[in-house]
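Here the chain labels run A, B, C and D in written order, and each chain numbers its own residues starting at 1.
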Amino acid sequence: MPIPDWLRVRRSKNDSDVAHWEKCPKCGEVLYRKELAENLFVCPRCTYHFRMHAFDRVHMLVDGDFVELGTEIKPSDPLHWIDKRSYPEKLAGDRAKSSLSEGIVTGFGAIGGIEVALGVMDFSFRGGTMGTVVGERIALLFEAARDRAVPSVIFTASGGARMEEGMLALMQMAKTTLALERFREAGNYAITVLTDPTTGGVSASFAFQADVIIAEARAAIGFAGRRVIEQTIRQKLPENFQTAEFLLEKGAIDMVVARPELRDTLVRLLDYGVGARA
Amino acid sequence: MNLIVERENELLEFERRIAELKDHSRDQPVDLSHEIAALEAKYAQLLHEIFDRLSPWQRVHMSRHPKRPLGADYVAALDVFDELHGDRQFRDDPSIIGGFAKLGGRRIVTIAQEKGRDTKEKVRRNFGMPAPEGYRKVKRLIDLAAHLGLSIVTFVDTPGADPGIGSEERAQAEAIASCLYALAQAPVPIVSTIIGEGGSGGALALALADHVVMLEHSTYSVASPEGCAAILWGDASKAEEAAERLRLTSDDLRGFGIVDEVIAEPLGGAQRDPAATIRRVLDAAGRALDRLAAIPPRELRESRYAKYRRIGGWQDASRSMTESLS
Amino acid sequence: MPIPDWLRVRRSKNDSDVAHWEKCPKCGEVLYRKELAENLFVCPRCTYHFRMHAFDRVHMLVDGDFVELGTEIKPSDPLHWIDKRSYPEKLAGDRAKSSLSEGIVTGFGAIGGIEVALGVMDFSFRGGTMGTVVGERIALLFEAARDRAVPSVIFTASGGARMEEGMLALMQMAKTTLALERFREAGNYAITVLTDPTTGGVSASFAFQADVIIAEARAAIGFAGRRVIEQTIRQKLPENFQTAEFLLEKGAIDMVVARPELRDTLVRLLDYGVGARA
Amino acid sequence: MNLIVERENELLEFERRIAELKDHSRDQPVDLSHEIAALEAKYAQLLHEIFDRLSPWQRVHMSRHPKRPLGADYVAALDVFDELHGDRQFRDDPSIIGGFAKLGGRRIVTIAQEKGRDTKEKVRRNFGMPAPEGYRKVKRLIDLAAHLGLSIVTFVDTPGADPGIGSEERAQAEAIASCLYALAQAPVPIVSTIIGEGGSGGALALALADHVVMLEHSTYSVASPEGCAAILWGDASKAEEAAERLRLTSDDLRGFGIVDEVIAEPLGGAQRDPAATIRRVLDAAGRALDRLAAIPPRELRESRYAKYRRIGGWQDASRSMTESLS
């Protein structure tokens, strides 16, 4: 089969056009990008988890080839949106800086030998907001996964619904939930991996109705954004509020996993679903 | 200050003067009929001036009008209502009113968001912002309707889901998601009516439906104009512009296929004739139920799925065309 | 058809062998038993709800005839129990004072024209505790109701599982829940009416898994008994703790109904289930 | 003070003296083999004296023995264990440990009650008394197993459900009932093991099963002997008598058909050889799963229903006979 898009993308990303150094926002350590990538974008000094590029995630997870799905679904500008910039400008900018066609990459691949329908959202594209393309790609993924009777694994990273697409974006909450419901009703197994940050319309739809919900260490997760809450209650929130660890204590999620253990954990969890539709 | 109420005060001024003249002409022989007629003409003109073409921003204010009929008013207008309380687990949330009811002789389960009218009620109802236990009550009632084979009619009017600490601690996201999931599953007809503010996900949790009815001057938005302006313009004062952009009016949403039916309001808004407005909304819901009741559950769920599946605004390169928006 | 047992019972109960006067435990008013009965055993002065005899309940609820079920199921003494008195002595005593064969009366009758499977527990028989007879009669009721596709209405009044029957009594929690599950799975409609008091193994099994749960005004309802809790936390509990009104606020029950409105409320609630299995 | 621990101290005294003599005989030429043999004989005799025939009351203490293997010990002995947390709504209850696991190569969902070993853990685990959120975690895991078609294995060890104010406020009764309902519904094999204290409804919530395994010296009771004595005798000191009456031992319950299989413990109790005891329990569970896995879901639920349907102790006048108890 042809070289998957994401490989091509990775090549270009490893070129000199990409900054060679990154500074850890937590401990300030200056890290050589190549080594950081080899360390799964976890700071070797303080274990800070950098946000990851969707294709780096795919690369970190799938055994061999990844067959991408839904690439033909591309954003338009249904509301002819403009605020400080026009929506098309924003999209063009995000495409350039992220080398992604939209906020989620979906497709099929094997993780530890188990074929899965994989979706990975990328915060660097419109803050991972869910617009009609993200919603459509997720729906297509669940439908294809249902046809093939394979489990779904979706990595979320999202600021919520995409305002530049207005109510059409909000409706993706309904669409993705309907697709998940139909997928699960057929006896399939859905896993959500909440990564930093996941809020709003994504956490409040398909993400929190999966069979198993895991979160990456220290990821910020919730419904309302931290700022909104602080404005509402007019007081500062505790440091750990809305962290993965906080949610675990509150019973909202199944487990918190540090990135280095993430792939192996997924392989183990996926294995329990092997008999699901047998 | 509510923009609509401001304009209504101008009208009240006219009404006062017209009344005065009429008294006057009764007491004295002088014929003021001309002046009165003139004033009434100006009054009617102003009325149309103000209300014939409301801007999105004005509609936002209309949807928040202090006298606009609220969820409880609609529920009270049903033939019968037997309220059911609680999520069975934590607390009964007064921002959600739900239970068994009858509409046009048909047995239904109804669920409404209620903001509260006076200050005391507003506080008790948390201004119509449900907490997780409120959404869990909603989910429970949806499941009850599904079990008994009863149709569901909801009344949506909320600034949004409660954004407090406790709500986050009790998994607000999970609670809202569980309502969407239950509505996706329910093998019974679902009719939702947007009667005031349709505040984002907190509204959608009651509005994933086979038929969505929206009042002319209600709004239904991915975010409040104020919130959207603050985030995208970095300037909350840009709310009016945001309201324009968000396409949150009934005609916009009808065009997108998100709303299936728009109900006209009296000139000046629902609060000018609450009874008639409520009646119209309930009749529309009743008609929709009549139609949906004839559809077998399997097909009903299929078409519900297909309806939302279609809603979009992307380009499909493979089909080299843009998905139509209606 | 023959005069139903309970009518016979009522006759005898209206005889002179029954006290003619009762004192209201709440306001102290002395009430003529006959008038009290006509007032549904609600104190006309302070609306205190007296605990009711199972057959008085049946009488208050059913339109015409009540066909009793499960009368052939009678208690034995599987554990050969004896504490201060032997179990058989206790049973004999309760039979005499309550003129009931056991802690629940089950059967079929119409309420407001709607046929229902009706179960009424009676606190005056072993504190309404659920032993093997109560469990068996409830299971038989759900099974018969399932066969006839009629809704169930069960009035609970119970101190929990019956200790004199040990684990055989505890197992009735499982049995009654299994019977309810099978009944509901067939698309039927279950209503529970919690009356004073309902705790332990009854509240924690079939009672709290009904479609609609209503409680009589001021009824004490919970899992653990008030005394147990006070001993555990070593402090007095608030007056309203575990009252029907408290549970309503806490979201545990659908509604609180005063006895005079109870029958009409049930008729209305039952009507919503008329299409259930159509 | 735990009655069993008291008797164990007598044994320790012997063990100490035997050890002394052995040291002594090593240092000096004197031959103490006779004395040692004699002591060892007395030791063995005492061991049997104490443990051969334990009274119900002694078994109650054995089931609460401070060194008895706990739920977490059994879970740790499974081939694999991946813990899943939370009720998705309110709080993760540490008194319930649950998740995916493997037993004899078979994929399962396991759920255990955990009392905690040291004081700090005891407090964190609330002494093995689950709150409503604990039972809601149980229900969620049962539903997960049902959805994925995984067998369920539970480990029961609790003094009872938490009787605190908060637990009543969050509807403890509903939470326990929801577990029983979920177990009644689950179309997958369910094996429950009573490994310590089977405390009334709080234990049954994890023990409505196709196959119930019970350790020889575990207890499973409608009420704690202390509680029963306080209520029926009006005198908590009558606990020992209550323990006799309640028929809470493994042999009693096997006789009633409430327990399907009893696992022998080492002489002196499970704490004398935890590894072997745990192994025996897990093997029994594994054997049961092998048998149950062959039964089609529908039949499985039928026989589960029939099994509990039979359990009783009433007279059926129409059949003029007493239902057999096993």
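For this structure, a couple of remarks:
The working rule: contacts are C-beta pairs under 8 Å (C-beta built on N, C-alpha and C of every residue); 3 or more make two chains touch, one makes a residue touch a chain.
In this text, all values refer to a predicted model and were calculated from it rather than measured experimentally.
Chains that touch both chain A and chain D are the following: B. The interface holding more C-beta pairs in contact, when A-B is weighed against B-C, is A-B. For chain C, the chain with the farthest CA centroid is A.
Chain C and chain D have Cα centroids lying 33 Å from one another. A straight line joining the Cα centres of chain B and chain C is 43 Å long.
Distance between chain B and chain D, defined via averaged C-alpha coordinates, is recorded as 55 Å. In chain A, the residues that touch at least two other chains are 208, 250-252.
Of all residues in chain D, those that touch two or more other chains are 88-90, 170-171, 174. Taken as a graph of touching chains, this assembly has some other topology, since it is neither a line, a ring, a star nor fully connected. Contact residues of chain D toward chain A in the complex are 80, 82-93, 99-100, 107, 133, 137, 144, 147-150. By the touch criterion stated above, chain C contacts chain D in their complex at residues 71-76, 78-79, 81-84, 131-133, 135-136, 139, 161-171, 173-175, 177-182, 185, 199-201, 203-209, 221-224, 228-229, 232-233, 237, 241-242, 247, 250-252. The residues of chain D lying in touch with chain C in their complex are 161, 163-165, 167-174, 176-178, 180-181, 184-185, 200-201, 204-205, 208, 220-223, 227-228, 231-234, 238, 241-242, 245-248, 252-253, 256, 258, 304-305, 308-309, 311-319, 322-323, 325. The residues of chain A lying in touch with chain D in their complex are 184, 187, 189, 208, 211-213, 248-255, 265, 268-269, 271-276, 278. Residues of chain D touching chain B in their complex: 88-90, 132, 136, 170-171, 174-175.
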